[in-house]
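Multiple structures are listed underneath, in structure tokens.
One chain, chain A, links the two complexes that follow: it is found with chain B in the first and with chain C in the second.
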Partner chain A sequence: MAATLSHRPSKASLMKAVLAITGKDLAAEFRSREIFSAMLVFSLLVILIFNFALELDIATRQSVTAGVLWVTFAFAGTLGLNRSMAVEKDRGCLDGLLLAPVDRSAIYFGKVLSNLVFMLIVEVIVLPVYAFLYNVNLFNVGLLLVILLGSIGYTAVGTLLASMAIQARTRDVLLPILLFPVAVPVLIAAVKASEGFLAANDFSTIYAPLSLLIGYDVIFIAIAYMVFDYVVEE
Partner chain B sequence: MITVHNLVKRYGMKTVLRGLDFEVQAGEFVALLGPNGAGKTTFLRILASLSRPSLGEVSIAGYRLPGQAAAVRTRLGVVSHLPLLYGDLTAEENLRFFGRMYGVSTVEPRIREVLEMVGLAPRRRDLVRTFSRGMQQRLAIGRAVFHDPDVMLFDEPYTGLDQDASAMLDDVLRSVAASGRTVVMTSHDLMHAEELASRFDILSRGVIGTSVTRKQLGKTNLLAYYKRALLG
Partner chain C sequence: MRSKPLTLKILDIASLLALAVATYLALIYAPEEATMGQVQRVFYFHIGTAWTGLLGFVFAAGLGVVYLIKQDLKWDIAEVAAVEISAVFFFITILLGSIWARPIWNTWWTWDPRLTTAAITELIYAAYFMLREGIEDPDRRARFGAVYTLVGGLSAPITFFSIRLFRTIHPVVIGSGDPGATGAFAMTSGMLLAFFFALFTFTLIFVDLFWNRVRMGQLAAKVEQLKINLMH
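Entry: the complex of A and B
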């Protein structure tokens, strides 16, 4: 029966717990493909619908690219966030995580990391499809950086709000209602910065939305770190 | 091992626990009985550090809740009517994951040991969602004992189990109790509680109404005692 324990959670065990949660989410998703397939099919449908609905000339397509991309990522991301927390709630697994003797922020960071990985994989597939359908060149290092920062901010605040929404019976409709107003700054900043990089604008015009994006990421991760314990506890 | 004094739990205007006192010695197996809505699950969730008390003092193995919750959790194993397991992971992947979360240093030998104990070694590489309810409950016990806790909390562990699965769970619970662990179990199932527990506490209207040991109960039927205690 004797199993050796390191009783006191340390920074190392926090990191191990974060990686354990992310690894568990990726392994489960690799088998079920429940979250990933829903996000990907939804994203592809959205850009396809926009493609037929807008029927714009090449110049106008270029100007709407950032908006269409971020609407697609935001909606698909919401689907993933909802499902990712529902998996924890449905079989009581969230209680299983909360019973572990690790800092509860490990649960938050583990879920953020796995949600971010799902979102980035979907984005990596959506970008070339979008570039092909809309005949727009998206392979721009600046744009990729904005997508990374925007996705971090969106999953950081989304994971926190999904943890709150999951306690409610109306969780599926509650998350977008909670998330979209709070995520408006990150979405606006991401759209503006993406537009700037795609139009090859001067960096001084991109600096403000890029700073807002970085500031939003840092502030929301810090807030989530402080309040997650209270959010998940009864 | 467990000391609770004047515990109060309120949800808004509703008071579920009303100054509850409770004490369990090391190695005791206490069955917490009571009607629906008596506050059994709420009480167990507070002991498990999943819910904060509104008032009162709770300490487990010398550590106070909620202040020293992380230290309490290392000494606690919890089994509820939900399995707390991931259906898309195999039995051994589930145990490996929880082993890492609890900082168990000898994970692989421990997985083999625990799966043998709950009789699931041949199914170690099968996905948990392919398991029957009874097998999931046995694996849930394996998950709960994986880090070798001193105290085990069982919340209605027989819910949804057929007779065979209940009998198997009885065996696993007996081996858990025989290992010297302190056990608190809530149950509606008086028959199983009577077979396993060394003490029976009856929770009614948010307090422990009566408490009786197996020895004190003697030849009295637990059901008759339970009915009498609730009526009067």
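Entry: the complex of A and C
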């Protein structure tokens, strides 16, 4: 009886395992800063390139800000996702994690949480920089909510696909190819909702993309939770 | 492996005959549409291929789930077959749609929900094959393939709804029509016959190709096994 009970970890111990994995990632990242600095510098470069590619004058800025921001986040996101899983694979840490007596889903949620934190930190820095460079006010509670929801969906699918991509021969190029076509709904809904909040549109027009974002987050977290076992299985 | 089963041979011939009849019905038998003219005849095969393409994709996601539960490689062979055939059918759908759209919408392509979803679905298929390409271990390849068809199969309809947030001009021929759609029409009985026969034909062709492709996959697996046996 005791053996079967210990086999099924309680909610509290699952939570502890998730936080332990996230804590490990954040501690490692805090020391090396390799993922975070790559994502940040890359984001700033993308914004700079957009400036010349789109000729961001005042009139265009109003209409393309949401799109430019989300393309930047998506690109920087794949960089971080790939790196955070590749580090585990290269140093054999993934095997160690898999041997640990925790539920596999704890590994998944732990990685999602740390990837989400990386993405959010980058976003928190990119937003004021963008606001400063292009003189638009991006401090908007609605926009921040959309960014949070969009990042959750993006990292939920991204973590699952990154753990597949790093096990393939073509791993460096594979993640964006796998991720972008299935992340299209998140990007469309997020851009639509961000645009709505930035233009201070009526909430009834923002309601649809916002609920789509929440729906996507729920569906894909559930699916990834169910199939993650098959992805890391040896 | 036995030689090709008789039922499959009959099915091969039946699908060829059905394709000939469907072509006759679509190009000659069905009446000419009043406003769009001859180009409307593309519609019969457009819907036929779209139907099998989408059905095949859903079917593949289902086979993926079965594989994940049973962990038997025969389900993986079936899944690859379904994805491969629907990828080709779906590509034909897009090509035929473009041919129709050029005179009716005055453009080869527009970012309408259906068109965009179709394009993204083709990209998901492409990503699926690239993922499989990069993995040598057959069990892992099968697992990843199954997971990806499942994720792709779920995201494709959500993509469709997310683009619905924008306006559409794609006509809805079956069911209620959108007043904003350009190129909608009502079907007469002759058109309905050609339409349903095309649906039947492409379903038949799908089944036939699927069976052949599964057989080919099994033979390939057998060859692989013989090669390994030889090396040891």
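In the analysis below, the second predicted complex is superposed on the first by the 225 of 234 C-alpha atoms of A that agree within 3 Å, B and C clash if a C-alpha of one lies under 4 Å from a C-alpha of the other, contacts with A are read in each partner's own complex, and residues count from 1 in each chain.
Quick note on the criterion: contacts are C-beta pairs under 8 Å (C-beta built on N, C-alpha and C of every residue); 3 or more make two chains touch, one makes a residue touch a chain.
Remember, predicted model here, so these are calculated numbers, not experimental data.
Colleague: Determine, under the contact definition given at the top, whether A:212 touches first (chain B), second (chain C), both, or neither.
Modeller: So A:212 only meets chain C here.
Colleague: Under the stated touch criterion, which partner chain does A:13 make contact with: chain B (first), chain C (second), both, or neither?
Modeller: So A:13 only meets chain B here.
Colleague: By the touch definition at the top of the document, which applies to A:131: first (chain B), second (chain C), both, or neither?
Modeller: neither
Colleague: Applying the touch criterion given at the start, work out whether A:182 contacts chain B, chain C, both or neither, answering first, second, both or neither.
Modeller: second
Colleague: Determine, under the contact definition given at the top, whether A:144 touches first (chain B), second (chain C), both, or neither.
Modeller: After superposition on chain A, A:144 lies in contact with neither partner.
Colleague: Under the stated touch criterion, which partner chain does A:101 make contact with: chain B (first), chain C (second), both, or neither?
Modeller: Touch partner of A:101: chain B, not chain C.
Colleague: Applying the document's definition of touch, where does A:31 land relative to chain B and chain C: first, second, both, or neither?
Modeller: It touches chain B, and chain C stays clear.
Colleague: Check the residue A:233 against both partner chains and state whether it touches chain B (first), chain C (second), both, or neither.
Modeller: The answer is both, since A:233 touches chain B and chain C.
Colleague: Using the superposition described at the top, list the residues of chain A that contact chain B and also contact chain C.
Modeller: 233
Colleague: Hey, which residues of chain A end up touching chain B in the complex?
Modeller: Counting only chain A, the residues touching chain B are 1-9, 13, 16-17, 20-21, 23-24, 27-29, 31-32, 87, 91-93, 95-103, 233-234.
Colleague: Which residues, counting only chain B, touch chain A once they are in their complex?
Modeller: So the residues of chain B touching chain A come out as 45, 48-52, 70-71, 73-74, 76, 78, 80, 82-89, 93, 97-98, 100-106, 110, 113, 127, 143, 145-148, 179.
Colleague: Per the contact definition, I'd like the list of chain A residues that touch chain C in the complex.
Modeller: Against chain C, the touching part of chain A is residues 157, 160-161, 164-165, 167-171, 174, 177-178, 180-185, 188-189, 192, 208-209, 212, 215-216, 219-220, 223, 227, 230-231, 233.
Colleague: Give every residue of chain C touching chain A within the complex, in rising order.
Modeller: Counting only chain C, the residues touching chain A are 68, 120, 123-124, 126-127, 130-131, 133-136, 140, 143-144, 146-148, 150-152, 154-155, 158-159, 161-163, 165.
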